[in-house]
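Below: one structure in structure tokens.
Just so it is clear, A, B, C and D label the chains in written order, and each chain counts residues from 1 on its own.
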Amino acid sequence: MPLTPEQQAEVERLRDETQATRRATVPALEEILYQALPVLDHGFVRIIDYMGDDAAVVQAARVSYGRGTKRVQEDRGLIRYLLRHRHTTPFEMCEIKLHVKLPIFVARQWIRHRTANVNEYSGRYSIMDREFYIPAPEHLAAQSRSNRQGRGNLLEGEEAAEVLELLKRDAAQSYADYQSMLNETDSGEIIDPGRKGLARELARMNLPVNFYTQWYWKTDLHNLLHFLSLRADPHAQYEIRAYAEAMLEAAKRWVPLTFEAYEDYIAGGAQLSRQGLEVTRRLLAGEQVEQEDSGLSPREWRELMGLLGRGQS
Amino acid sequence: MPLTPEQQAEVERLRDETQATRRATVPALEEILYQALPVLDHGFVRIIDYMGDDAAVVQAARVSYGRGTKRVQEDRGLIRYLLRHRHTTPFEMCEIKLHVKLPIFVARQWIRHRTANVNEYSGRYSIMDREFYIPAPEHLAAQSRSNRQGRGNLLEGEEAAEVLELLKRDAAQSYADYQSMLNETDSGEIIDPGRKGLARELARMNLPVNFYTQWYWKTDLHNLLHFLSLRADPHAQYEIRAYAEAMLEAAKRWVPLTFEAYEDYIAGGAQLSRQGLEVTRRLLAGEQVEQEDSGLSPREWRELMGLLGRGQS
Amino acid sequence: MPLTPEQQAEVERLRDETQATRRATVPALEEILYQALPVLDHGFVRIIDYMGDDAAVVQAARVSYGRGTKRVQEDRGLIRYLLRHRHTTPFEMCEIKLHVKLPIFVARQWIRHRTANVNEYSGRYSIMDREFYIPAPEHLAAQSRSNRQGRGNLLEGEEAAEVLELLKRDAAQSYADYQSMLNETDSGEIIDPGRKGLARELARMNLPVNFYTQWYWKTDLHNLLHFLSLRADPHAQYEIRAYAEAMLEAAKRWVPLTFEAYEDYIAGGAQLSRQGLEVTRRLLAGEQVEQEDSGLSPREWRELMGLLGRGQS
Amino acid sequence: MPLTPEQQAEVERLRDETQATRRATVPALEEILYQALPVLDHGFVRIIDYMGDDAAVVQAARVSYGRGTKRVQEDRGLIRYLLRHRHTTPFEMCEIKLHVKLPIFVARQWIRHRTANVNEYSGRYSIMDREFYIPAPEHLAAQSRSNRQGRGNLLEGEEAAEVLELLKRDAAQSYADYQSMLNETDSGEIIDPGRKGLARELARMNLPVNFYTQWYWKTDLHNLLHFLSLRADPHAQYEIRAYAEAMLEAAKRWVPLTFEAYEDYIAGGAQLSRQGLEVTRRLLAGEQVEQEDSGLSPREWRELMGLLGRGQS
């Protein structure tokens, strides 16, 4: 379970309080506010705060004095037009803030998105928790042979068992030695009064990158969608994709019209190259086209045929 | 008056609606939400939305599961510590969104702050309003003689009258010709059916930079304070300072503890140089120091003596 | 002519000096370094400096100890792979710096690209030149009827002549009054010693947005390509497109492999929506599809048919 | 030694090649271009490329047609003025690119500086090297008692020996198990043909954060100075400070006038608060001031007295 009973109680206290506001409010998102949406074995995403809604996108695009909404159909049309034509600035007018608990190696991928605000739990200042990520057996994949950056078939039997064993053993050993160097027990008591204890900022260097860290993370809707389009993609590493998928659900509650447009124009669409477009035109004109005379590399040809539903053609 | 009756009615409609929310809420800021705070002769700042409060700064700094607040004194201490030691990231966890009406030349200074989101009224798409800024007589200053980038004494009498006359006449003429080129009246009617009317994106090039534009502008608390520290400063041009001053009032309502710390550590403080610090130490040690042996330029010396309350010394 | 003889002499002096460097160097770009590439009636783009080349993209992508280049074919393949798959960070490792002279209304569109560095000529500090943009007759377009943000047919005959006349007259009048308020002639002499002269930061508010300003502007290759994809696009206003086109030529000299990939995968390609992709698949499968059962709006249908070379179908 | 002979040979090849350029060039920085400046036990900083020099700051501030330099004294004065008055944009006109090898925990602090470009070695795609950071005995500090985020006295004797032993043992074990899970030896040979080998992106999660990674990192001069002001500060963790110190040396070679101003106005100066300034004025006026009636907290009082050279007063 990702939260301790004390943490869960704090969350419940927050959820019990309600204030009156004149601001744009989204009941479907308020429903899950502050709750820990579980991700991986010990991680979570919690929606802490948000600013704006679908109508706020419209309001900003129109630089209007009132709320964006005239009629929902009209707002929907404008939102779809904006997203289709890459008029991205109105989507920056909505903002969302998350509390995330995630393995360090996921955090290192995530932080590459620079247009965001971050406050991370400090291992210089505080003691790291004894929590680390161990993949579920169904995610224990071998190195892909066709794609140097990716996963292939699952490990099985003895090999899988040994990998899990090694990961657990090394994490446990690293943490035990972390405590020993700190000279403090789990409950914060001094182990050996004759020792000084290594500085926290040094001792933490012994912990592997599958240990969990936490941060507050805040970004605008445009950059959230950009994050999701890269990290909910099948090419993303499974572990960060698991976070992106939890965030997709939150986005759908928050801005349903924008989310629908995102699915139609970004996530569900595809970019064709100049040559790919030309091949498509020739095919539609009834021409027989082969990879060799397509201007596409074999790999691009395969990808295009996949997109166009021409499988092995 | 900056708002038309129709616009004012839209504002009132927004102010009349109240929703329940679980989010952090600031009653003192809600009081003025959506209202036009007047600036210059036709401009305004309207607070449209906000995210977070003083406690949200603390919450993020502690990466906590509950609200930031423990006790107000403790929160105040942490906020002051963070600001004093340039731990700026927790202040990025609060966000504010404004609707601003401002002269183009002010907008051109304002937009230099890049860590912000902007949606501006489009002169390509819409017809610009007939509204332009004319300085009040008490702001009609001559070029400073001592400072190439600044204002000196006020213009008076005939010279002042003529300047105001020229500014008004040219703005009126430019706008009349703008309409004439568009071939449209104020109320959007075609003037001469035999003409095509110049494209809006071209006709607007005839308007001087004292015409008003509008935008939605959104930034985080850290960047808001940075904006204010530069633009509410006496070295800023008066016209943008007028906007910064309206925003200071809003910031004070929004995050009173952060605002107090900002006044103590940023706005009301001063940066001493290495040499300035050395001079201060020598003076405190009872030494007689002159500019010539201070390591400071005459101008830096004057500035330092001013800071230290030593006037003409 | 965009440069005065004195300015031209300064440029020539710079071009005559050559230093030895160990850095990556691009002879084709060095050829035009510092020269004013003319744009519009008085504007220009000057390439002032650059960092990196195609090989530097490869070098960063591989985090290598030596130069990127192994063999040109291999570098080309990697660059195309990176651009196709949106691995944009290696393109940020090249940087370019420009000196640009441009009308204020173009500068206002340009500055919306925030990931760039800018130093603009200051109208607070210096006197603005008497230079303004007047469109050539072949760019004097009427407002489009089908597209609220765009141009339609050209103005002709008397209407065109009158528009040009108004633009010139108002610009001349505004500038004459600017000087009069400053109480300074072109050559910087005081006009009337009995007057103080209005502060520069105030007087400049009388100038229309077709007056020229100047700035130094610097960005990385990824953001340059993003700028070009939006501003060299037919939907961009002609005047900023004219600058983008001059910059395309410079980009082609600078990073020919990246530029080729940009043309194939970004500028010359197209994004299909989920529905657009589905329609394409159905058409390729021989199905008869009409707009009504396509899931596309009439406008999106028209755009898709255009892309697929099916004109009026 | 941080570089292998093959890597060293690549560096030498780069250093041996010289091209002619019309760009601003800095011989003192060219001298050390591409060389590995050693940091910590296995890390380094290599200067890969740069754009601009002190004169380029001046050139941009003046938006000039020629080189910035008129006379060195004049340039020096302007650079000092710009830095003193927080006119930071001209410093953004210079750019520098580094290749850095650094422990992951240092990389995690470094990456928080968002206005920079980064390409990191990929543990998804490539096998991580067997290189990890072990502190030198003179940096093996205990947790500070007075400051929760810092170091106190050095560990000694048996405790120090055991800490070093644990760090080495756990790093070696983690790497051995990393290889075992990958099913590959150091030289890339399959260990057990009957096994599949865990995907690289998963196996690397076993490595502690003292393992070395590498990246290309590029930023502008303003942001470099900001980085240095925070990371070369005594409050920064020693390990990142070691990198900042190597970068200070490079900055001094690159832009000596800017660097001198940085030392005088930023690194060597101090920010006084409103209350601190008031206390200083009262002391200079001969008044006796105590902490209790100073408006300062005990801690702020101590810091101010330290700054003013009043030690224990």
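As a convention for this text, a contact is a pair of C-beta atoms (placed from the backbone, for glycine too) under 8 Å apart; a residue touches a chain by one contact, two chains touch by 3 or more.
Values in this document were obtained by computation on a predicted structure and should not be read as measured data.
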Interface composition of copies chain B and chain D: same or different, split at half:
same
Could you give the separation in Å between the centres of chain C and chain D, each centre being the mean of its C-alpha atoms?
35
What are the residues of chain A that contact at least two other chains?
89, 112, 118
Name the shape of the chain contact graph, picking from line, ring, star, complete and other.
complete
Partner chain D, residues of chain C touching it in the complex
3, 7, 10-11, 13-15, 17-25, 30, 33-34, 48-52, 56, 59-61, 63-67, 89-90, 92-93, 95, 97, 99, 117-121, 214-216, 218, 220
Along chain C, where are the residues that touch chain A in the complex?
77, 84-86, 89, 112, 230, 235, 263-265, 267-277, 280-281, 283-285, 297, 300, 307-310
Residues of chain B defined as touching chain C within the complex:
103-105, 107-108, 111-112, 114-115, 118, 122-125, 133, 135, 139-144, 148-153, 155, 159, 163, 166-167, 169-171, 173-174, 177, 180-182, 195-202, 204-210, 237
